[in-house]
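Shared between the two complexes below is chain A, which has chain B as its partner in the first and chain C in the second.
After this line comes the complex of A and B, so read on.
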């Protein structure tokens, strides 16, 4: 059991990282971004491309890919979502679903649809033990990196002008506008941050497990599950939700592998029934 | 996609010319020849669908290139019933979707009016294809499905299979390991929850029983499994195991080796499936591929020949220089499909060369040598030359060599394997 929890937590850091952007966009712009998983996959595959085709070391490739993913997200916001997000929620849902399909198909066409994994030679020792569980060094480094990234995002939201604008837009959009906050710009920046952090998650994940363009929807759903568990509007909630989801996903794959997705979704249903605001959400009123 | 020399001509002029020519032919002959013969006059039209996008994209492209390579090799001309005819291919993307395969096969037969059908990739897709082909009384030669379901449902009367039975894939690998000293006593299987992989596992189980190798665990994983850490953890918790076998495809091998090596699970032998020779495996695993065992239906070192190539090595060299990559055995297997049609059609009745019943009879009676190996079919339409040579990867920059059976062996095998 100890090993299941530890390995689940190690994966959970990346799930949390992927879900921050999803939660941020839902909280600030007020849309369920079905294209969110595309950012994770795009970031991962771009990291792979930069490292294998252009020969960049892993960390620069990871950062460049994250920035590029952020730019892609910002572009999607400016060209598409900005024009429809005030419409019926269903319209935006369909629109983001369409964007996901288009980007994925283009990715398959130009990148190929096969799964890719990035071999990273770290020079680190193989790992260490926590109790009886062997913890691989690289997994642990990526876990730490995901926590640090979460911390950076937290500071960005809490301590910067951009963060204040984001929180103002999230809490009271009209008042924010009256106070001179440029809504369109803030939304674009929000989408950039969402994309960048998702791209970072993808770039970290591809060093552990294969990614392929067709996996985007899985990542959207995973991010949604993390947010449901952790609660909307809470970064701590998303982080804890990601870690819990990591453990749940690992445990279900360990104990009941052939029905693992059913188990994971059962947890989602239970949360929606008994604690729809999630563990750290501030009540149903926060949902827009 | 057209694989015709010079491309598929669909200009308005060509359509009008064809229509006019057809009308004149009908008028002057006073009879209506079979629509298929009319539509394909002068050319043998081959058709198929492959999963050119999706999980099997890479292997599908090797099949497509294999077909194309055969067409190039024969210079887009073959002899049919003593008459030289051109060659034309129509290849569709079926996205590995059986419904789409059925739809495309219907289109190939009724709209594209193909003469010969090459099989799809995968069991369900091949069954869907063969169901449609059977309705039109067409023959299918396939090399993309090893499942016994093909034999049971469509084998022999519709479908002819160039790949050995799924249950036979890993028999030689187990036989090989059983020759080692000290002989392995335990094995753990990682089985993908899909009929064809169950058949692989069934063959392994049976052969392990005959060698007194005890199966200590069978980890069932869903077909779309992404994370193999839980599986690796279970294998680690088993304690020392002599053999870990993952009868699955290349990505499963990659994921599993990654996780086993990360967690320090050290079996004495690891059987990584039938696609370890796919370049992505070496690219992804690097030196961790060392001593991994795989099986393959074909290798360039085998002593085969056919009317176009003196050896598999020559085939491989020309294929690689044509397409710029070194293919897995699928290239030779795919190439063998039209080659088999070529052999069967050679002595066809000139009056009705593509009569499908006569074609099936010719296939049943066929026996010839190809660079893929000797080709002849049993009563279920399955190739008689079953069994997979065993290969193992050697060195820090791993190179695959055949280690079993002894008659084909290029190197002594390594057992127990070096730690990851």
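After this line comes the complex of A and C, so read on.
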């Protein structure tokens, strides 16, 4: 029991990191990005590529991959989503689904479709015990890293000029424009941030568990689940949602491995039915 | 908006006649196919017909009502399971099982009523969650012979020849489109139109929004059930992998949006166009098949977000008479916050 919770929490930080971007984009641009999972997978595989093929150390590879993923996301926003997001949300779903297909296929074409894991040599001691549970130190470091990245994102959104623009666009798009905020640029930056943090999540995840191009849709769904649990528009909510989801996913695959997806999705359904605003959601706005 | 005010006057009846005339032309054009091409292409044609049927069904809830169901493939899969179990285990004739498939999925769709509290993305994902739950149940339940170690799915003897299947599906599709035309021109159609535009306003006008949403959903779930039951002997092997694949759901959505959601003809055009693209890329560039498919979807959604029908209409905008069914912007699925 205790070990399940601890291992779940360790993964949960990464799930939260992947979901921040999804929640941010939905809140600010108002679209559901079906290509979101692609960013996670892309970031992960790029980290793997940079570390193994170019021989970069892990941390620079991770940062470089995150930035590259952010650029990819920004590019997708500028070239495609910017043209459609105002008209029909349903269309954007299909559009981003198409984008996800294209990127995934290109990924399979150039990187191959096999699952990859990155083994990182850290030189750290193997781990320590919490109660009776062995905690690998690398997993723990990644967990801390995910919390730190979440904190950085929080500061970025709450304390900087960019963050103010983002929040203004989220709350009142027209007034933001009237106050001289460049909407399309802010949206591109939002997408960049979404992509970068998702790429970071992917780069961290691939050091623990395998990733492959075909997994993108799972990550999109996971991000959505985390957001539903935590609540739209609340960063704390997403973080807590990610941790809960981590425990949930780990517990269900540990105790009832055969029906694990059914359990997770039943819980999702219960949340949607009885608490659609999530644990920390602002209530209004989510029903729109 | 306009069709709201057309009412049941003469223009409405005239429009119905015109639509049924087109349907007859469509039927006549498709009828001789089994005598013109070889078996391979007849099989392809059957799949195209199924896609038309599925897209047209999805269009009722996704296009007319503006509620994007992302779990709609579950009804097709359930129909196929009903068909397979009825035919293999109980030896019932196909016709009975088609009716049963429609009834079972229609009743199951009724159970979805609580999730109509949701809107937009939340509805979409709730329906997706339901799909995945059903997927899991069917895979683990011994009654349905999910593919566990000792279970092998359902082998269904095809009871008809290929030509027989072709005409069965053609007949089903014609009836289906006929019912869609009738529905679109009925009170239900107008109510759906109103609630898609503005649900609060519609309900303040006295339209019982929930009732019509549920009617639309049951309607759009029952038809895939019927098609699924007929599909079981056609592909002759039914398992979760073969009939509950996510691709059926995605095809419904893509075909509808590709053609133009919320119109009667949109899903038909979309399903045919996507099938043609699918065949061409599959035959000529197998390796890049999915890539080209995805790129086309991106291109269409980016540059013609109303779908092919509205693209066509905007090219022929010169005609002074705007057709009532001519592609109003599809459902405002409100996702933004």
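As a working rule, the second predicted complex is superposed on the first by the 284 of 288 C-alpha atoms of A that agree within 3 Å, B and C clash if a C-alpha of one lies under 4 Å from a C-alpha of the other, contacts with A are read in each partner's own complex, and residues count from 1 in each chain.
We take it that contacts are C-beta pairs under 8 Å (C-beta built on N, C-alpha and C of every residue); 3 or more make two chains touch, one makes a residue touch a chain.
Keep in mind that this is a model prediction, so the values were computed, not measured.
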Fit-or-clash call for chain B and chain C when the two complexes are aligned on chain A: fit
Touching partner for A:131 - first (chain B), second (chain C), both, neither: neither
Contacts of A:3 with chain B and chain C, given as first, second, both or neither: first
Degrees between the directions from chain A toward chain B and toward chain C, using C-alpha centres, nearest 10: 70
Partner chain(s) touched by A:258 [first = chain B, second = chain C, both, neither]: both
Which of chain B and chain C A:210 touches, first, second, both or neither: first
Partner chain(s) touched by A:139 [first = chain B, second = chain C, both, neither]: first
Partner chain(s) touched by A:123 [first = chain B, second = chain C, both, neither]: neither
Partner chain in contact with A:112 - chain B first, chain C second, else both or neither: first
When both partners are placed on the shared chain, which of chain B and chain C touches more of chain A: C
Chain B versus chain C as contact partner of A:180, first or second or both or neither: neither
Closest approach of chain C to chain B (Cα atoms, Å): 5
Those residues of chain A which chain B touches in one complex and chain C touches in the other: 258, 261
In the complex, chain A residues that touch chain C: 26-27, 30-32, 80, 83-84, 87-95, 97-102, 105-106, 109, 170, 221, 224, 228, 232-233, 258-259, 261-262, 265-266, 268-269, 272-273, 276, 285-288
Contacting residues of chain B [partner chain A, same complex]: 53-55, 57-58, 193, 219-222, 225-231, 233-234, 237, 251, 254-255, 258, 262-264, 280, 283-286
Residue ranges of chain C in contact with chain A within the complex: 62, 66, 68, 114-115, 117-122, 124-126, 128-130, 132-133, 135-137, 140, 250, 253-254, 257, 261, 287-288, 290-291, 293-298, 301-303, 305, 329-337
Footprint of chain B on chain A - complex, ascending: 3-4, 7, 11, 108, 112-117, 119, 126-127, 134, 136, 138-139, 208-210, 212, 214-215, 218, 249-250, 253-254, 257-258, 260-261
